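First, the structure itself, so that you have it in front of you.
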Amino acid sequence: MTNYILANRKDNPYLPFGDHRGAPFYGKDILSVKQFSRADLDYIFGVAHEMRVMVERVGTFDLLKGKILANLFYEPSTRTSSSFTSAMERLGGSVIPINEVRYSSVSKGESLPDTVRTLECYADVIVLRHPEVGASVLAAKYARKPIINAGDGIGEHPTQALLDLFTIIEELHQVDGLTVTMLGDLKFGRTVHSLARLLSLFDIRLHYVAPEILRMPAEIIAELDAKGIPQSEHTRLEDVLAETDVLYVTRVQKERFENPEAYESVKGAYVITPETMKIAKQRMIVMHPLPRVNEISMELDDDPRAAYFRQMEYGLYVRMALLAMVLGKA
Amino acid sequence: MTNYILANRKDNPYLPFGDHRGAPFYGKDILSVKQFSRADLDYIFGVAHEMRVMVERVGTFDLLKGKILANLFYEPSTRTSSSFTSAMERLGGSVIPINEVRYSSVSKGESLPDTVRTLECYADVIVLRHPEVGASVLAAKYARKPIINAGDGIGEHPTQALLDLFTIIEELHQVDGLTVTMLGDLKFGRTVHSLARLLSLFDIRLHYVAPEILRMPAEIIAELDAKGIPQSEHTRLEDVLAETDVLYVTRVQKERFENPEAYESVKGAYVITPETMKIAKQRMIVMHPLPRVNEISMELDDDPRAAYFRQMEYGLYVRMALLAMVLGKA
Amino acid sequence: MTNYILANRKDNPYLPFGDHRGAPFYGKDILSVKQFSRADLDYIFGVAHEMRVMVERVGTFDLLKGKILANLFYEPSTRTSSSFTSAMERLGGSVIPINEVRYSSVSKGESLPDTVRTLECYADVIVLRHPEVGASVLAAKYARKPIINAGDGIGEHPTQALLDLFTIIEELHQVDGLTVTMLGDLKFGRTVHSLARLLSLFDIRLHYVAPEILRMPAEIIAELDAKGIPQSEHTRLEDVLAETDVLYVTRVQKERFENPEAYESVKGAYVITPETMKIAKQRMIVMHPLPRVNEISMELDDDPRAAYFRQMEYGLYVRMALLAMVLGKA
């Protein structure tokens, strides 16, 4: 499909008529955080919360029984791939795993449009991970079935941003009024860029804590500034941690620095330990997109404020919601 | 199993007695197009058409609920593997995907007979893709459960030939009386060889259009000649396109030519564009086994005569039919 | 979980209360053969036998419908992975296959504890194959959901030992009173070490037949000696074959020998042929963990005493039993 906003799909033979009346995302693609209004988010998170309740109550249920997901990963991502697989299976659907694209005929000169037009003969929805920016938009242009972008290079990874926001809602029961601090590599992390954009739909305050060379890009700051979001930049977490409701940690990679000394001089400031957390509120959360390496000490894992593993679980519910919605079953 | 024609399997504990009465392919292997009579084809395509109707009506149904397919791919083939996976899942069955044979203990010196005898402990049917000619016959000799050949080197790929023929039947509602033109690399393409053999069971006329060095092998021409099939060879598509009902396009690979000039001099004659199609009938179809690279222009994709993506979908129905048949459920 | 012996899991939200009353392995990890008492084995094999009866009768049934298994393989093992996949699918459950760990973000510096804590957000049970000794114990220490060790380096592979013992029980209907002969590489084979330990719970007699450099380790002999198990070492199979009830064959690898001559001089003594078997009992069985290369002649495959392919099938039943047990459904 060519556009974010599409009429309900008429040409899908797999769903009986009437199945999708009133289903606002039926047949649509999930390509970018930019496609969502605040009302859309309310709807998505409402469905995601229902998914949480159902999984906690019965584990799995047959909402998508008979539906097939093609999990098309041009680059490996066990975490995201497993999450979508589980989401489909917990809804009673099936998965076609396609993980070895680089070895297969799919990659031997075949264009992405041809690949998705082949796979939609076999599946009802396609989840696409691709190393090139814009791949999911291209795929959606040619596909009749819904495409869900599971990351396209340094471009978008909308389901990650949605699960990050859903985590905040489920953990803190609000977004408006919160102070969110983003820490670490804010320059290259598409995760924090997408989350910042989504958060700008809310009445929020943002702190950015990063080494000088890894600051939040000026265009994003300008974009949020135009929406009236209060933002401030810092190099020391201590300056803002005490007033933080959500601390979003990302990794500072040694390779980003020109010389090892520069890295050594800052790295300690971006590692979260129980000691660091002493000045933090009792009711706040620490998030991380995972995988982490050293940026959060394992000693913090038992702290109830450490939300990063629960964050993975919220991701399951968000992906269940999105799959059900685009297939007209939510 | 050692032979194409086998008694119904008595030793399969997974099917209750009586389940398979009157099921002519129950327990058999699918190894070669040579094993099918015209009556067999009528039966297979009748079942495949029923599968199409059911998928269009309900998407998925539980005909093979509880059955397990081992998808054993010694070389990658995303398209074929995904098609069989979808076929099994649309019938309510499950799949054991085995795609990494080259890394695994299966490949560490273990013989193919041992591998299939192990896998049939876990599965009810085995789909086998293997780089060596004759691999599926060897596997079938030792296996108690049905083997479906999904391509063995330059040998056979019977389900591809069956889906090609089924495409013609579903699109044009007949085979007898048609003129089929095969275009491109007719020397090395096992696809066109198998399809030509299957077509020879019908009252058909064949045109072969190929560069001199990629002509249809003499033994296949002789084989069809003995059956009274009218055949003619050409180097220019324009000579036969106007009377063609089915244009079957294959890729002409540069590597087949001794020098680049020879390739450059012919390649234009084997690329299908909207311009090429001006002299073709209004009611005819263009087929391609996919993946395509440049041999059919993407501008042709919206032409209703472009049947190559529908061809993929017909493949799903044929594979559903074959799985149901060998498991005694059709 | 940190210990072999654990209280029933209270924190699993996926199982309704009461589901697991009286289920002795509910929520536990399967890490080592050392964790099983003889009563445990009776219970496991009782359930495994029920699984066999059910599979033979109906093929598949929905005992674990809605449950999800994460099949986490850090090194490839098609046989074991396929067996667990089939076990879960024959019980109506679903599988998340994770086979490409070395390419994926899971392996990019992420710790095993983090990986399993992520995967348990998506799955109800984790099967783990890992090249390092102790990996499954480490995983179980951090996971809230059950971990099943599917092999950790030269350490343990408890489900293999259990299926070996179950094979003996199903084939010979007893263990007490039997004479078991282990043949081949007894020094490096974790399979024979684990099986010997399990057999020591029974009233059994053991013969070890191996080249001098591949003898059973002294510590295992001492361990069994302390339990009063009669053991004897030999270099020639003929000395003990006639009185053997179970002949357990393993491969003698050429690479274990310092020079080719040493290998050539012994290899013939460790290949089983129909000729070898002439002096064996009529009612006895030949086992092998597979894959075999040359150590058992293919001519023996039709001998009813050749139990190695049936052994694979018994493995399916044992793994079905374990999955059902740790998920509180047996």
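Should a chain be cited, it is by its letter among A, B and C, assigned in written order, with residues numbered from 1 in that chain.
Keep in mind that, in the parts below, a residue touches a chain if its C-beta (ideal position, glycine included) is under 8 Å from a C-beta of that chain, and two chains touch if they have at least 3 such contacts.
The structure displayed is predicted, hence computed values, not measured ones.
Undergrad: Quick check on subunit B against subunit C: do more than half of the interface residue numbers occur in both copies, making it same, or fewer, making it different?
TA: different
Undergrad: After a C-alpha superposition of subunit A on subunit C, what does the rotation angle come to, in degrees rounded to the nearest 5?
TA: 120
Undergrad: Nearest whole angstrom, what separates the Cα centre of subunit B from the Cα centre of subunit C?
TA: A distance of 40 Å separates the two centres.
Undergrad: On subunit C, where are the residues touching two or more other chains?
TA: In subunit C, residues 97, 99-100 touch at least two other chains, as defined above.
Undergrad: In the complex of these two chains, what residues of subunit A are touching subunit C?
TA: On the subunit A side, the touching residues are 55-56, 58-61, 76-79, 82-83, 85-86, 89-90, 97, 99-100, 290-293, 298, 309, 312-313, 315-316.
Undergrad: Given the complex with subunit C, which residues does subunit B contribute to the contact?
TA: These residues of subunit B touch subunit C: 13-15, 65-68, 70, 94, 96-101, 103-106, 108-111, 113-114, 117-119, 121-124.
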